[in-house]
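Here chain A shows up in two complexes: once beside chain B, once beside chain C.
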Partner chain A sequence: MSATSPRAGLSGPVLALLLVGAAVMLTPMVWTLLLSVKSNAALLGDSGAALSPPYTLDNYRAILADRLTSRWLLNSLIVSLGTTAGVLVLSSLAGFAFARLEFPFRRSLFLFVLLGLAIPEQAVILPRHQLFATLGLHNSYPGLILPGLTGSFGVFFMTQYFRAIPRDLDEAALLDGASRLRLFWSVLLPLTIPAQATLGVFTFLASWNDYWWPLISATTSDYYTLTVGLASAQMNYAQTSGLGFLMAQAVFASVPILIVYIVFQKQIVRAMAGTAVR
Partner chain B sequence: MKSGGAPRRLEGLAFVAPFLLLYGVVLIWPLLMGIGISFHRADLFGAREWIGLGNYATALADPVVHQAIGNTLLLALLIVPPLTALALLLALALNRATRGAAVFRGIFFSSSVLSVTIVTLIWRFILTPDAGLLAVAADALGREPLPFLSDQALVIPAIAITTIWWSLGFPIMLFLAGLQQVPADVYEAAALDRAGRWTTFRHITLPAIRRTLLLVVMLQTVGQLQLFGQAQLLTGGGPGGGSRTIVLAIFEVAFGRWELGYATALAEILFAMILVVTLLQYWLVTRREDAG
Partner chain C sequence: MASLALKDVHKSYGDTLVLDRVSLEVAARELIAFLGPSGSGKSTLLRIIAGLETADGGEVWLEGRRIDALPPGDRGVAMVFQHYALYPHMTVRENMAFGLRNAGVPKPEIDARIAQAAHVLEIEAQLEKKPGQMSGGQRQRVAIGRAIVKQPKLFLLDEPLSNLDAALRTRTRVELAQLRQRVDAALIMVTHDQAEAMTLADRMVVLNERRIQQVGTPMDIYARPANAFVARFVGSPAMTLAPATVMPGNDRFARVRLAGGAEVMTRVPRNGLVDGAPVSLGLRPEHVSLAPAEAATLQAEVILVERLGDRTFVYACLADGLEMIAQDIGSSAVRVGDRVGLRIDGDAAHLFEADGTGRHADAAT
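Right, the complex of A and B next:
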């Protein structure tokens, strides 16, 4: 199949199957969009009404006026941006040292970090919940951000990236009398911007969509992230303003992440390529 | 070394210390703590009593745990093979530099960026018999809508389909990346030999992407063994525990019954299952590579 030349278009039967597949992918999203622009009353008892007009933006107006939904959006932004910034700083520092500096136990410490790749969240999450309760970190931004900073993948990824940068650059800089910190900050770090973008996008996506940890750590609705807030709305469906409002919330919560995806599509694809080569 | 001196050598430690500190306190320490707690009768509020392997013995005899393990394995089996096959077929079809292929790639990846909450919200109102899209469709055809989320026999397939829809994008991307690594001249040689499509796939493409295939199957298996949000949000584990997964059982034991010790023991059992499955798959593939 891939023996065909890469520039060749798709053949008829393959194209037909792809179109069916695309319809299966998109229909649920279109259905959600349609439900979100119907008045809640019209959907009561007959969600088939979503297939025909009249349509309205009332549900979106209600969301913008809803204090909690905006608060959840703000929380999600703070937690995801905080996690992303933290991961980039910590992984870059550690990756630089593991790739470039000599220090005691360097190899064993690196293996110790790689071990983290094999630890599933399930083995850690309950005792961590205990630990954070002792430290009084639940229902706080640090409580939501800190667990996201312990991923080994970022360190591994940045180490590989720093290793790929030619060593001549270091030698030249060090001969000029630059310190290690200066070498890191002004010479090598600017060269890692593509890697930073990739790692940043992935961390942001993962953090934005994380469910398990914020579900058990944030127990007051003021500290819910959008993901957890929408879950609570979904579980108490009977008490919400209705189906149209619920679906508008879903669309509203997807918009930031879809924007990130569309803007950074290239980085995402490149990152995948990098992961698969290893 | 050439820089010499103890301070210079310790500088590196300063660069890795911030990460290692967090890694140690927020990941490794809880991991060890968890193993310790699993040997205790412990509640969420701090009471502890050493009971050795008591929690593990309870788990082995607990029908709820048996059912949850069965459900989880069934879900993994219903999700991982079709998902892998589908993703590979799509990647083969979309591995070309045309505009159309790029648009299709975007469409098939789009669901992956959604959070589990949104995915279940979308699918609940596809599957539910009183307001779902499938019910509307069944109505239009004059049929009774199927109770996907409340029928013992339908609930696991319904969650599997939802999960496949959600997870397709990532494996496709991995396969595409793997396919890019296959040198084009190999295919040209195959074409000169008049090798058929199947022969080319079987003898050139498949061996070339074996590592990617392993990566996809391993990541997906490990991921699906930890399936949680879909079951919790779509069905709450019902009907009659028919869709309760291991992680959902852990969640219920910890935050519904407050039995932290027992929940931690269940988590360690899952950890062991994940390790065994991963090592087994790794061994199977590397063994074959050695053989030929």
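Right, the complex of A and C next:
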């Protein structure tokens, strides 16, 4: 019996393999963490010093003291949360429409959306840059957020999810005198919460980690996101003379992601296992 | 005045006609059962009444108001879905309140109606639960409760009992029967379980092949099926239809000769029947009995014995291959392979003309 249960009865070799895998994944993280709590000076001679005290939080203090870093953190939060909210709203509305409403060219439009899945960002980044320059959107929050809202995946994902909800519910609501808006808002939308969580987490993470577009669009440091800002702060000799500070920046940038992962573990695992749509 | 009236309702899906000029009147507080084989359009007709489907033509009237152009929520009908269609994220109370809130019913009134319905359906303890935490039978009650609180003029139920196990089904059937005494509305129930239809309905509507085949009380339909389809479809085991020809004669009633040569004197008036015309002799199992050879109309071999305890159905095969079902006492000793004599009670026999039209024993004499 226990052999068939996924938790119990891991055989020796499998366990060993998992342990090795975990070690390989964890070592760089632990190393980063250790380096980040050493002073730059102490690491200058030998980075191996990270393995022994004294440890200090000076690098983190320096980050927080820097007005720009907190500004970048705020920018990242605004851009990522804005993108996430926008994607959720647009995808839910479009998904509902594609799954439930009858309108002209519905099928062709949906195909058009699917085509969007096949177009890589690299292919459109130049025209987009020019467009945003013409519109004067560079160095602004809309400039950083808008491109993230154009992705097709969310629409596709929510359409599939809405389609999986039995139509009986719509009909029951119709008989209950619900308007279309009421049907969407009070009956169907609450049932898509698991999908919203999954889509939201992935959108947030992708937006937080995005480097290329903010690098192109934000040219004044006031509009840098954390990723761009931290990279810009690296001096040429950061690898040698500012190692502790550099590592502290890396840890600092990943904390929000860590929080998201911990809070939304369930959704992420479910999405990875491909069972997000019941 | 009729509560619900359908006039010449028809409906096609693409090129397929599924309802052909259906007309029907339902009296106030009447319980109607739509009975018919799968695909006969029962659900479609129900959904047209509810407004979930638009008819291609015809009219739907409810209590003097034409409703076929109204949105479902404004028609004064409530529906209980086969799979209940409860809102999974709402509690039982919210499920029941949803429609009332949309209709702008004041809060105290909503609470009062829910309390009343919950009391009647004995789901008071479940009001704060979500549908997912309830058994099938309980969900069924909630679905009914959600319909009741709306105080509709017409209830529509699509196979309300089909998802319940046998024991629960019988119990719910009784409860449905009691329930309808309490509500002041007509009720239409779709079913393909004829026992359900027979026990619950004031009148049954038998549908087949896009059309209403017959409308009548259960006993009427059982005793005087309008055509061969209804005769075979209603009643279990099904009526035997034996090929026969009308014998010439001057009697008031028709005498027919079975393919095997045996003759049966019926009490079906013979006027209008042509001598020598091919007909089917319709016999319910209770009108065919086992008999000693000298009293028997026919000889047959037993091929199947179905014992129900209080009675026994004997499936017997005649010499010409025709299968006939007879009814015997519960303690019947017959066994498969026995040769038995069958006695036909011609007084209760039916005749069906070549086009299926049914003719029945004259009740007046």
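Keep this in mind: the second predicted complex is superposed on the first by the 259 of 278 C-alpha atoms of A that agree within 3 Å, B and C clash if a C-alpha of one lies under 4 Å from a C-alpha of the other, contacts with A are read in each partner's own complex, and residues count from 1 in each chain.
In this section, contacts are C-beta pairs under 8 Å (C-beta built on N, C-alpha and C of every residue); 3 or more make two chains touch, one makes a residue touch a chain.
Keep in mind the model is a prediction, meaning the values are calculated, not measured.
After superposition onto chain A, the partners chain B and chain C occupy separate space and fit alongside each other.
Touch criterion met: A:G177 reaches chain C, while chain B stays clear of it.
Contacts of A:L81 after superposition on the shared chain: neither chain B nor chain C is touched. In the overlay built on the shared chain, the residue A:L230 is in contact with chain B alone; chain C does not reach it.
Using C-alpha centres, the superposed arrangement gives chain A a vertex angle toward chain B and chain C of 100 degrees, stated as a multiple of 10. Once the two complexes are laid over each other on the shared chain, residue contacts for A:L68 go to neither chain B nor chain C. In the superposition on chain A, A:L51 makes contact with chain B only, not with chain C. When the two complexes are overlaid, the chain among chain B and chain C that reaches more residues of chain A is B. By the touch criterion stated above, A:P166 is placed in contact with chain C alone, chain B being left untouched. Between chain B and chain C the least C-alpha distance in the superposed model amounts to 5 Å. On chain A, the surface patch touched by chain B in one complex and by chain C in the other comprises residues 174. Chain A contributes residues 166, 168-169, 171-179, 182, 186-187, 190-191 to its touches with chain C in the complex.
Residues of chain B touching chain A in their complex: 1, 3, 9-13, 15-16, 18-20, 22-23, 26-31, 33-34, 37, 44, 90, 92-98, 100-101, 104, 106-111, 113-118, 120-126, 131-133, 135-136, 139-140, 165, 168, 170, 173-174, 176-182, 184, 187, 190-191, 195, 197, 200-201, 205, 211-212, 215, 222, 226, 228-229, 233, 247, 250-251, 254-255, 260, 263-264, 267-268, 270-271, 274-275, 278. Chain C contributes residues 50-52, 71-74, 77-79, 81, 83, 85-89, 98-99, 102-103, 146, 150 to its touches with chain A in the complex. Within the complex formed with chain B, the residues of chain A that make contact are 1-4, 6-10, 14-15, 17-18, 21-22, 24-29, 31-32, 35, 43, 47-48, 51, 89-91, 93-94, 96-98, 101-104, 106, 109, 113, 116, 118-131, 133, 146-147, 149-150, 152, 155, 174, 180, 184, 205, 208-209, 211-212, 216, 226-228, 230-231, 234-235, 243, 246-247, 250, 253-254, 257-258, 260-261, 265, 268-269, 272-277.
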